[in-house]
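Both of the next two complexes hold subunit A, though its partner changes from subunit B to subunit C.
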Partner chain A sequence: MDFDLVAFGDAFPRLLPAALTNLTIALVAMTLALIGGTVLTVLRTTGIGLLTGAIGVLISFIRGTPILVQIFLFYYGLPALGLDLTPIQAGVLAIALNSSIFITEIMRGGLSGMDPGPVEAAIALGVRARTIWTRVILPQLYIRILPPLVNELTTIVKGTALLSVITVVEVLRTAQQIANTTFRPLEALLAAAIVLFALNLAISQLGRRLETRFAARRG
Partner chain B sequence: MSNSDAAPVAPIISVTGVSKWYGAFQVLTDVSLSVAKGEKVVICGPSGSGKSTLIRCLNQLEQHQQGSIVVDGIELGKSESAAQAVRREVGMVFQHFNLFPHLDLVQNCVLAPMSVRGMSRRAAEAMAVKLLERVRLGEHAHKYPSQLSGGQQQRAAIARALCMEPRVMLFDEPTSALDPEMVGEVLDTMRGLAAEGMTMMIVTHEMGFARQVADRVVFMDRGQIVEQAPPAAFFGAPVHERTRRFLSQVLH
Partner chain C sequence: MTLDFSVILDNWQLFASGLWMTLVVALLSIAAGFLLAIPVAIMALSHRRWLRTIAGAYVEWFRNIPFIVVLYIFFYGLPFMGLRLPEPVVGGIALAFYASTYFSEVIRGAVLAVPKGQLEAARAVGMSYFMGMREVVAPQTLRLLLPPSTNTAISMIKETSVLSTITVAEITYQGLVVQGATFAPFEVFLTTAALYWLITSAFAHGMHRVERAAGAAQGSQQARHSLADKYLQLGMRRNK
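Coming up: the complex of A and B.
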């Protein structure tokens, strides 16, 4: 048994630029997922039976199937419907859809625990429903659910490694390529794990700082 | 001050034969009440008597099912736009303040003037600062609600309502959630507002305040108005047995 420190160290110069791909994919997917999750959340409060029913089916489908299958469906399945996506596009969309489902569930939980008083005050002030959503409900909600949202972002970062299977050259796939040439899979994969771990550590630290910063505004 | 039987001016609030039910339970029974411009009306009564429900009907936070409510010439209950038109003219202060927790006091104050009245940010902020100074919160203008005491939050909530330049102010138990030492500062702010001629409807248990400030005290019990009179008569010679019993419980 041996561990080649040099091979381990040599992996990083190639893995770090690849990590930028993971981070970019994660941030784009998170942005889309926040928008998607928010839209789903607002739609679910309309009380239109057909709409909330359809969203309910989508939620249980996404939660009940492996994300890897969802990624395959986007990359290998959609071309059959005439929608040809690049690996990165397919991956971003699959992760974003998956994550928006989890985010709308987080948001629903956050909404149910929110004080209705400020909304009532806004109604009494004559503020229209749309503005109440954008200026009163959603900002409070995002502040409230910041911790689970940050957690969701780290889940997304981990999910980006799955895109290696649809040929996206990110950290994991880069590590596999390194291992194929050095015959040192342990060193390359451990280095990849450390890079992804560092990324998530940075994200959760940033999340904690945001939480402190918004503490006074949680009410 | 003006009284209901003084000048033949059209009342700014006119409630006629209003009834309301929560399911099978009747919360308001044939309530009629009119308020003249500039009048200060205190509504008191035991909890569950319908007093909060009544003032919440005036800006349609609750809908009445029978009778008519006309505020500032607008008949309520016919359409959502009527409710919106009334809400522009009627400010409300709540028991639990209901400030926007994610916004500082100035931003709490400018949200409605900017989005409802289309005021520019600059004008709205100038007015917010002026009104926050008036309720003696000038140095706290950029703090968040959670950083303030209950009394300060309630004064900020009054300033926020005033930023809409309302013609009527409704107060729903504005001091009930406050620590005793903070009640005075909120009542002082309300006295100041009364002295400036604001039309006010106040649901409160503060009988001392009612005696000093009210033009008329209305006593409600079980969804009905039992008795209404100027404070001297109301406290000095209550007519109904239920009123006397209530007063003996709250006055010591």
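Coming up: the complex of A and C.
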């Protein structure tokens, strides 16, 4: 059997629009995850034993189990509990929860290496805790953790391909649909791999540019 | 609705066989992936540019595409090349290649973290490059290799769940089977997740003990004001 270059090339016009689905899902999930990760980070500093304990268990659970199983929990499990979600909604929520956990861990790493001076100064000046977070800590922290955040976004994009398993029509599922009509699965899959590769490469390049810009601004 | 975990007890053999399959596939592909990573890391550390380029392209390619796509390419690609293998073997091979790119970066990082003078000293006393690497640099990387290798291995244990999509009868696959038969998705996938949780926690715990035995020193904490610490310190528990 020979590699069919025509089938390979013909796959791209259908895969490229499908990549927009991956990108959209990834960006929505990333936004939710950033919010979730920030909330978790702030909650973890409250020092309320029960709360930090519960968050600790959640972190351990999400980090210790495969994202595919988490997607199944949301997709199959939540409707059984009476919450009906479309495949895309279930997928976005599962990815966002998973990513919130990884982002709060990234934020923890960023916090522990931060210069305590500005925070000490703010405390000494009697600045309210909320303002310390929004004006002193978080702005520095986000810039600091930009590289791992971009990395997390590429991880999320990779996670969106798993949603093909729960019938979301993104790049991988589109490739499978193409293969079903052309009987050329390898060609379609390689094309899908190249599309996803290009998407992630573009994200990491964009991230690198942002980094240099922010680094320049900080002086 | 109430949770009814009797469906789990009724199907415990399926989960047990899935657990076994996951353990076997994960262990073999992680070991193979690590071995495969060594030549890749050596190439990435080479002074020859073309070797570095090949290693870099290999690593970048695999790291930027989802494992599920890699798996499907192996699943359809191996028969395409005339190799018909059982699904668990195909899945294991795909995972080994995928893991090798992550492990090669771990190895490369560890080697680079060993001071340059060590290899130079080895060369100066007359050792060849490979002898110096093997006798002087490699033993010093072990301590540095353990923590990131543990993390990578845990990621790969989790990636084995994707093998369910090519019908490898591991934990997730058995979960889907039981869910199809019992329509108790919440109980089933919670159990499935718990089994992975058990494996990864046990593995992390075991490796942590190995790390301590290997004498991995903890990084010293920066001295800070206790009030600032309230905000900047979240290290209340180890989440490995």
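The rule is short, and it goes like this: the second predicted complex is superposed on the first by the 211 of 219 C-alpha atoms of A that agree within 3 Å, B and C clash if a C-alpha of one lies under 4 Å from a C-alpha of the other, contacts with A are read in each partner's own complex, and residues count from 1 in each chain.
Following the convention adopted for this analysis, contacts are C-beta pairs under 8 Å (C-beta built on N, C-alpha and C of every residue); 3 or more make two chains touch, one makes a residue touch a chain.
Just so you know, these numbers come straight off a predicted model, no measurement behind them.
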Go through the superposed model and pick first if A:216 touches only subunit B, second if only subunit C, both, or neither.
-> first
State whether A:120 touches subunit B only (first), subunit C only (second), both chains, or neither.
-> both
Using the touch criterion from the header, give the chain among subunit B and subunit C with more contacted residues in subunit A.
-> C
Partner chain in contact with A:52 - subunit B first, subunit C second, else both or neither = second
Kindly classify A:183 by the partners it touches after superposition: subunit B alone (first), subunit C alone (second), both, or neither?
-> neither
Of the two partner chains, subunit B (first) and subunit C (second), which one does A:140 touch, if any: first, second, both, or neither?
-> first
Could you look at A:12 and tell me whether it touches subunit B, subunit C, both or neither (first, second, both, neither)?
-> neither
Partner chain in contact with A:154 - subunit B first, subunit C second, else both or neither = second
Interface residues of subunit A shared by subunit B and subunit C, listed 120, 123
State the interface residues of subunit B toward subunit A in the complex, per the touch definition above.
-> 59, 61, 84, 87-88, 90-92, 94, 96-103, 111-112, 115-116, 144-147, 157, 160-161, 164
Across the complex, what residues on subunit A touch subunit B?
-> 115, 117-118, 120-128, 131, 135-136, 139-140, 143, 214, 216-219
Would you tell me which residues of subunit A are touching subunit C in their complex?
-> 1, 41, 44-45, 47, 52, 56, 59-61, 63-70, 72-73, 76-77, 79-82, 105, 108, 111-114, 116, 119-120, 123, 132-133, 137, 154, 157-159, 161-162, 164-165, 172, 185-186, 189-190, 192-193, 196-197, 200-201, 204
So in the complex, which bits of subunit C are touching subunit A?
-> 1, 60-61, 64-70, 72-73, 76-77, 80, 154, 158-162, 164-165, 172, 175-176, 179, 183-186, 188-190, 192-193, 196-197, 200-201, 204, 222, 224-225, 227-237, 239
